[in-house]
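Contents: one structure, followed by commentary.
Chains here go by letter, A, B and C, matching the order in which they are written, and residues are numbered from 1 within each.
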Amino acid sequence: MDPTEIVAEPGPPPGGGPSAAPAVRLRRAVALLGSFPALAGVDLEVDRQEIVLLRGPNGAGKTTLLRTLAGLVPVTQGEATVLGIDLVRDYKAVRPRVGLLGHATGLYDELTVADNVRFWCRAARARAVDADAAMVRLGLDGRLRNVAVGRLSAGQRRRTSLACLVARRPELWLLDEPHAGLDQEGRDLVDHLVRDATAAGATVVMSSHELDRAVALADRTVTVTGGTTEDDARPPVPGPAEIPEGQESTDVA
Amino acid sequence: MWHDAMLVAGKDLRLEVRSRVALNQIVPFALLVLVLFAFALDPDRGLLERATPGLYWVAVLFSGLLALQRAFTVEAADGNRDALRLSGLDPAGIFLGKAMAVGVQLLVLEVLLGIGVAVLYTTQFAGWPLLLATVGVATVGIAAAGTLYGVLAAGLRVRETLLPLLLLPVLAPVLIGSTRAFEAALAGAPAEGWPWVGLLAVFAVLYILAGVLGFGPLLEES
Amino acid sequence: MTTQSNATTSRPGGATAPEAGPTSTGSKATRALGILALAAVALLVLLGLWWTPADVIQNESVRILYVHVPAATLAYLGCFLTSLGSLMYLWKKSRWWELVGYAAAEIAAIFTAVTLVTGMLWGRPTWGVFWVWDARLTSTAMLMLLLLGYLAVRRLPADYHVRAQRASIIGLLLVPNVIIVRQSVQWWRTLHQEASLFADGPGATIEGIMLFTLVFGFVTFQLIFAWLLVHRFRLAWLEEQVAGQGLTAAIAERRAEGRSASGAAPAPIAPPPAVPSELVHRASTTGPEVAS
């Protein structure tokens, strides 16, 4: 991982209009957890600046799908391109450009909110101003700033985690149950953040069981079951999608 | 790489400043070990004085092991490994940063244990250049090897038991080398001690290299 | 990272040597090797226990050395193979080499144990005690602990590549560790006492049929080592293949899970029933293609 590469990357992509290659393109992607195929041939296409909701029962593979898109789980079969990076060839390269909000918060309990946000922010080579702005945005300024994360409520931890993500300005937001554990105001805030991010050029893929809220927020819903996907809006038969395939692969290459 | 190393080291040391686990638990443990040695070896027969270098370094290893466990318990919590992998930090930088933080804590422990043996075992320190050189290279070696094996054990449920099994045989040369070098220094024959410092330096370099190259793959596995 | 693709491509190439029957780790060649090893053991027993005379200095206890010295040497060879296998895994992602390294580590641990036990049995009549802090004894004990550490990590339950990755880094460091430990222990002892107690041991004083027996002991132990290595390797290979073979079936099963779930549920987003079977069909056609 070349640090200089990372420096150049945060921030919205240049000219990330709909004409650019899709942010996410999976074709029959298989990802293994141990020897278990958590993803058993997923087809998924997400355009830039789109908000896609993943729904499906527990254990369907939503979390693994998000982790795969984040470059944490290698793709063993099929094709997978995220932000123009071929995950089959190098699944790690995409990491600095995505932000993942998982079930686990990835925070250090003994450090304060400000310590945590600043550390992860500096790790991603983001600016300190952004860290402060993110904390203000998430309502973590004032008293909470200097409270150890271990003393926070679940919702406040979630907000801290979100602040880290916002400060990094990822191009692709991967949100695993972003509404869980948050109060009414917090959920509204998540929706605002998501809309602002897409307006600024980012793409969002999220899973949620808060269907009313999430469906209203999302441009499109994709159902995940048994490690595969069924697109609710687009025809799942790859007939029409096959036509731009050659075109896109030349774009990517 | 150095930016990341300083960042991670700063984070770990800040964590220690905020939580004071090393200060409140590991330091008392280290001093307790010194007291236990005195109970086990009769202080009146001069056994303690003769065995001081060995006892000192065994105490350093045991309390250092606790510091290492602590350094990776912190990272094992709540998805921090994923966060580190996603962070964009250079794995070599993470390794060096964590090793530096462990090294700083080890140095503090070594100074306190030094004061401890001086007071409790009435050790007369001599041969300062050799003593300091030994402490320096031995600390680097323990920190580097410990960090490499520490991350390996970090993600595992068996880490409390696995780390000592992996690490202590590997650190045996460090124990032998630093003990002999201390003996030579205290006996006023530093010429005998310097080859050991050389061995310790080789060990430290080997493990820094192994850590810089091997930390990325070890961090990857989930 | 090209871990997966490399590992799978290395498989057919690596599989040429160990293509044993699916249910057995043996073959004609290994049976011949086994019989040869057994014959050599029988001959070594005769040579060691009856045909050679007792030593002038060490008396009857010298006979232990015909086992002890070859076992020690091959323990170190096993260690070297483990490091080499680990290196080749980390470098080329060669599953074949990794399994060779793992098999060699287990055998090296057994041979090290044999070395320690025979060494102690030899030490009792020779020195009057089971254990002395001799440089060789101590470093062999440390070697045993290092090997146990490697095996402990290699056997932790996890996905193959995770296990291999972890263990390979320890395995790669095995030889440097052994060298540093030996060096430090050697310096440590020689500072305090005269040269190693083994200095006037084997090799130096023995000749004739006793020397021949010692050399023959090496040959015998090499045969045993090779025979064990081949079998242990094949066993490990077959184990991994069993674990890997289920993948295509597991993928189909996982997809069927989704199909039945969406079929059984009242399906708020009812998919056309033809689609999933179509997907399964596509998956099954891509299966062999990917594997080849």
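By our rule, a residue touches a chain if its C-beta (ideal position, glycine included) is under 8 Å from a C-beta of that chain, and two chains touch if they have at least 3 such contacts.
Here the structure is a predicted model, which means the values were calculated and not measured.
Asker: How is the touch graph of the chains shaped: line, ring, star, complete or other?
Answerer: Contact map by chain: complete.
Asker: Hey, which chain ends up farthest from chain A, C-alpha centres compared?
Answerer: C
Asker: For chain B and chain C, let me know how many angstrom lie between their CA-based centres, rounded off.
Answerer: Taking the mean C-alpha position of each chain, the two centres sit 31 Å apart.
Asker: In angstrom, rounded to a whole number, how far apart do the mean CA points of chain A and chain B lie?
Answerer: Taking the mean C-alpha position of each chain, the two centres sit 39 Å apart.
Asker: For chain A versus chain C, what separation do you get between their C-alpha means, in angstrom?
Answerer: Measuring from centre to centre gives 43 Å for this pair.
Asker: Give the residues of chain C touching no fewer than two other chains, as numbers and ranges.
Answerer: 158
Asker: Which residues belonging to chain B are in contact with no fewer than two other chains?
Answerer: 220, 222
Asker: Two or more other chains in contact with one residue: find those residues in chain A.
Answerer: 92
Asker: Which of the residues in chain A end up touching chain B in this complex?
Answerer: 1, 3, 6, 67, 70-73, 92, 95-96, 98-100, 102-112, 115, 119-120, 122-125, 148
Asker: In their shared complex, at which residues does chain C touch chain A?
Answerer: Against chain A, chain C makes touches at 1-5, 158-159, 243-244, 246-247, 250-252, 254-262, 269, 271-272, 275-276, 278-279, 282-283, 286, 290.
Asker: Chain C touches which residues of chain A in the complex?
Answerer: Residue positions touching the partner: 28, 30, 32, 34-38, 40-41, 57, 60, 74, 76-78, 88-92, 221, 223, 225-228, 230, 232, 236-237.
Asker: Which bits of chain B are touching chain C when the two form their complex?
Answerer: For chain B paired with chain C, touching residues are 148-149, 152, 156, 158, 162, 165-166, 168-170, 172-173, 176-177, 180, 192, 195-196, 199, 202-203, 206, 210, 214, 217-218, 220-222.
Asker: Write out the stretch or stretches of chain B touching chain A in their complex.
Answerer: 1, 3-4, 7, 11, 14-15, 18-19, 74, 77-80, 82-83, 85-91, 220, 222
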